[in-house]
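Take a look at these structures.
What follows is a pair of complexes built around chain A, which joins chain B in one and chain C in the other.
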Partner chain A sequence: MKTYEYDQSAAWFQRAAKVIPCGVYGHFSPAPCVPITHYPFYTARAEGSKFWDVDGNEFIDYMCAYGPMILGYRNPIVDEAFQAQLKVADTSSTASPVMVELAEFMVDLIPVADWAFFAKNGADITNYAVTVARAATGRRKVIAVADEYHGSSPWMQEAGHHGVMDADHVDVIRVPWNDATALEQAFARHEGQVAAFIATPYHTPVFTDNALPAEGYWAQAEAVVRKNGAVLIVDDVRCGFRIDMGGSNEYFGFKPDLICFCKTIANGYPISALVGTDALRTDCAKVFHTGSFWFAAGCMAAALACMKEMKRIDAPKLTMEKGQKLVDGLVDIAKGHGYNLKVTGAPSMPYLRTTDDESLMFHQKLCGESTRRGAFFSSHHNWFLSCAHTDHDIQRTWDIFEDAFKAVLR
Partner chain B sequence: MKTYEYDQSAAWFQRAAKVIPCGVYGHFSPAPCVPITHYPFYTARAEGSKFWDVDGNEFIDYMCAYGPMILGYRNPIVDEAFQAQLKVADTSSTASPVMVELAEFMVDLIPVADWAFFAKNGADITNYAVTVARAATGRRKVIAVADEYHGSSPWMQEAGHHGVMDADHVDVIRVPWNDATALEQAFARHEGQVAAFIATPYHTPVFTDNALPAEGYWAQAEAVVRKNGAVLIVDDVRCGFRIDMGGSNEYFGFKPDLICFCKTIANGYPISALVGTDALRTDCAKVFHTGSFWFAAGCMAAALACMKEMKRIDAPKLTMEKGQKLVDGLVDIAKGHGYNLKVTGAPSMPYLRTTDDESLMFHQKLCGESTRRGAFFSSHHNWFLSCAHTDHDIQRTWDIFEDAFKAVLR
Partner chain C sequence: MDTNLIKAHINLFAVLQNLEDLVKLDDQSAQMARTWDLSIQFSVMGGPSAHVIFKDGACTHGIGKYAAASIKLLFTSPAHLNAMFDGKGTPIPLKGFSKLGFLSRDFAKLTGRLSYFLRPEEAKNPSDDYSRISTVLLFHTAFFAVGELVQLDTVSRKVVACIPDGTLQVEILPDGPAVFLDFHDGKARVAKGYTDKPIAVMSFRDFGVANVLLTGQLDGFLGLAEGKVMIRGLIPFISNVNLILDRVKAFLS
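After this line comes the complex of A and B, so read on.
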């Protein structure tokens, strides 16, 4: 099987490194793409389940832009709604009616939601949720799960990151995932001081296995939060609409006070949403939070169309099935070579690891060799399935994986 | 002159109030639009210098979406660049080459800039600038100007806002505008603890007169910051490219370490940028900051086209001239009725106030009566001129203002 060259990616990256600190930053930084020579850095074109890099190499994309592309790139239904709105009004001096229709749709779709609020980034919404919780409780501290990610604001980052100081974490208490007793103890240690418990619906760390909620965990956790008069915030930025169209909490059987959505809601157009219960409506109304482009109507029209389409085709079920089929085949291929591929998390966004090598290096090589044969695999982050992935894509991915496995073993 | 009715705006707002806390939030909240019955709440269409609300009323728009629409709504040059990029790739799994071209263009355009970094909101960039300053200095405190706005993150908001706590402000020191001595004293009081001084290029508070830098202020302020080894951050989110294409600091003759851009850079498409000097490049590279849609290529193509076009036509000069012409006429009309209209700030984003009434109520009525005759005027916030405002628009605005004045005096 032909392996890709990345001369143009390298040339663009050299130019980038002169005018952008570290060339590409944040979660798109190529630094975690190991071996780095096996990955493309720049996209020339994207369509459906695939993208083509600046060297003309074709990739079946299992990162989906790190989550957003649930319906595949350039989905015509979402794009037409976006374009139709842009033809009349986008960023304007007042809001547009589509903002109301979008909020109405989300309130109808999501059992927990009595209202909706829109912004641009996931972190806009997780930060806002915490501020609303503080406003509602008059308390400051926040309990979060260790190694969980809620955006790149300093208070949410791990200690020791550059520019992040001890003072950023003074009000953040970290507890282990799936441990309701630890949660209860944290509340007891900081009695009357905790505004909120913020968590993803299941645990999605990087560089390590993901973990679904243990039997009974969410029921216990919810009870602990309620007993302590705090606000339960679900950060559904990554999982939202990949597990359940009503919010991932519905799948796991519990009711938060606030849910944060982003990534999938508009199939790649920049918008995020906070939904919540009536009990927090007044506090939300009183907390000031805004941004220059938050009322842009195009992204709202895209979100409305995207959510309608995800609901119509049952995108969570579809991506779960596609993901299960994909990983079952990959596990079999690994087994055929005498290796164990461990799959954790929801099948629509599976985390994979070759358990035979604790150093991750074997798995990194495997993902790298697959990528430079046309299956874009991250070795350190969960993958994402889209509704655009076809059986043909999956078969082709298995063939690539087989060939990549042989290359690594050679 | 016919005055507008807002039945459809009211109907949409009633629907909105059920599903969105306070109906419309943030800086688009209709609450400061006093008298509230004189303002539209929802845009149906926008083009050039105008928008039409959901009742079909036409407005010459002097808010320009609170800043972004420097070239006017639906500018064909920016829109074509945006559309051309969308046809190939927008939000993808890797960055796009246009990100490099955009950074190269900004480094070439802006004397202070050795590199550029992109995000979505103004606050993404002001927050990031402060984190980079903390990383570079190992210090935590930030000095800011009293009553100045740098985004809606709790640390930047005024104390007493709902959900904002004393702890949010513990590291923020506020000093009066145009007072280099106060700045020096603040540094002395917190010697060795101040990471940055963040300020807008000139003072743009709401509900009160704006103020240009006093003679020598920026030279003194810059010297004080340098002497104390802190980072000088200019928040050019609102003024950027409305005063000088090289950054507003060039107009006022000083050199910050970091400049924050947003609003105008892509004529309404959601993108913001931080530019900075080589001395801070490594710290910027090491500080982790990212967002789900920060690598969307469409907005970057729009920004590149918008900045090229602003440079080609000299948008700062053009909007300065249009603004000066507009306000000169308005001042004359007020004078004709025996009233004094005070104009402060840059003519491209003038702040107006009728000085004969300290309560602001007369001025509010005047802006309200103008708005419901077709000149969209905010009474509490600076206005914004665009390159799309025509002589005909300005003449029509004067006629409206004359009629509004008569209505208020009746």
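After this line comes the complex of A and C, so read on.
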């Protein structure tokens, strides 16, 4: 099987390095792509389940822009809604009616939601949710799960990271995932001081197996939060609408006070949303939080169209089925070579790891060899399935994986 | 933790150990130490101790006191020791009074040579040999200093709490030098050479790359993307060690 070269990606990177700090920053940084020589850095175009890099290499995309792409790149329904709104008004001097329509749709769609608030990125909303919880309770501390990511704001980064001060962590308490007792103890240690417990619906760290909630965990956690008069915030930025159209909490059977959505809600157009219960409506109204482009109507029209389409085709069910089919085949291929490929998390966003090498070096080689044959795999982060992935894509991916395995073992 | 105490640990355990390599790699230093047959103990009251032994043209660095040391130097505080490493302080000799001339003349020349290689920013038109020796010494200084910060620096201790047990291999390609950092229960043991089963590996493509990285002329992320630095294995392990590595400069004289 032909393997890819990345001369143009490298050339663009050299240009970037002169004018952009570290060339490509944040979660798109090539740093975790191992070996780096096997990965593209720049996309020229994207369509459906695929993207083509600046060298003309074609990839079946299992990162889906790190989550936002759910219906397929350049989905005509979403793109047309966006374009139609652009023709009449996008960023202007007052809010757009489509904002009201979008909020109405989300309130109807999501059982917990009595209202919706819009911003641009996940961190806009997680920060806002915590601020609302503090306003509502008059307390300052926040409990979060160890190794969970809620954006790159200093209060959510680990100690020692550049620009992060000790003071940023003073009010953040970390507890282990799936440990309701530890949560209860944290509340007890800081009695009357905790504003909120923020967590993802299930545990999605990087470089580590993902973990679904243990039986009864969320029921216990919710009870602990209620008993202590704190606010329960679910960060559904990554999982949202790949597990349940009503919010991932519906799938896992609990009721948060606030839910943060972002990635999938507009199939790649920049918008995020916080939804919440009536009890927090007034506090939400009192907290001042805004941004220059938060009222851009085009993205709201795109979000409305995207959510309607996700609901119509039952995107969570579809991506769960496609993901299950994909990983079942990959596990069988690995088994055929005498290796154990462990799959954790929801099938619509699986985390895969070859357990035969705890250092991940073998798995990194496998993902790198797959990527340079056309299946864009991350070795450190959960993958994402989209509704646009076809049976043909999956079959092609299995063929690539088989060839990659042979290359690594050769 | 007291900054002076951290600096003292770094001076004794990360900087001083470079004398081993200096007399191997630098002809002038080798010539100076060729006939030396003596040992020097450095001890801080209520603080760390280290020693160096010169014999048969080689230098051996050791942690702790050395009972048979021919010269014993006492420092009343970590700040006192650090002042000597900065060329501004004089130790209190406890043993070897007859060798004070050696200390102020011969040994000072050798440590001057060490400073010369550890301060590449001050070198004018450095030769390839200079750069190579400087890089080896900076490389060892940096990673041995990480081992000290892991024990003593509050922020580094928080960072290391996120590191699982295991060993990080760091190497300059193609033939070394190399060090490995073995993390266990929040402590790090640093040693020169290679380990059998690292859980993460960071490789510098060549001496030139190692040099620009260690002297802060190349951003690590850029180095990775350009293929000058290669990493594999548990990347968070490397990221966290690099956070500590970035703190070393603040504690070096």
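For this structure, a couple of remarks:
To be clear about the criterion, the second predicted complex is superposed on the first by the 410 of 410 C-alpha atoms of A that agree within 3 Å, B and C clash if a C-alpha of one lies under 4 Å from a C-alpha of the other, contacts with A are read in each partner's own complex, and residues count from 1 in each chain.
Keep in mind that, in the parts below, a contact is a pair of C-beta atoms (placed from the backbone, for glycine too) under 8 Å apart; a residue touches a chain by one contact, two chains touch by 3 or more.
Quick caveat, the model's predicted, so the values are computed rather than measured.
In the superposition on chain A, A:32 makes contact with chain C only, not with chain B.
By the document's definition of touching, of the two partners only chain C reaches A:159; chain B does not. Of the two partner chains placed by the overlay, only chain C lies in contact with A:207; chain B stays clear of it. In the superposition on chain A, A:103 makes contact with chain B only, not with chain C.
When both complexes are overlaid on chain A, the residue A:45 reaches chain B alone and has no touch with chain C. Of the two partner chains placed by superposition, only chain B is touched by A:91; chain C is not.
When the two complexes are overlaid on their common chain A, residue A:364 makes contact with chain C while staying clear of chain B. Within the superposed three-chain model, A:380 lies in touch with chain C and out of touch with chain B [touch as defined at top]. With both complexes placed on chain A, chain A has more residues touched by B than by the other of chain B and chain C. In the superposition on chain A, A:22 contacts both chain B and chain C.
In the superposition on chain A, the residues of chain A touched by chain B in one structure and by chain C in the other are 21-22, 24-25, 41, 161-162. Across the interface of their complex, chain A is touched by residues 155-156, 158-159, 162, 166, 197-201, 219, 221-222, 224-227, 230-236, 240, 243-244, 246-247 of chain C. Residue ranges on chain B touching chain A, taken from their complex, read 12, 15-16, 18-22, 24-28, 40-46, 51, 53-54, 59, 61, 63-69, 73, 79, 86, 88-97, 99-100, 103-104, 106-107, 114-117, 120-124, 127, 131-132, 134-135, 140, 151-154, 157, 161-165, 167, 171, 237, 262-263, 268-270, 272, 281-297, 299, 376.
Across the interface of their complex, chain C is touched by residues 10, 13-14, 17, 21-25, 29-32, 34-37, 41, 158-162, 166, 206-207, 358-361, 364, 380 of chain A.
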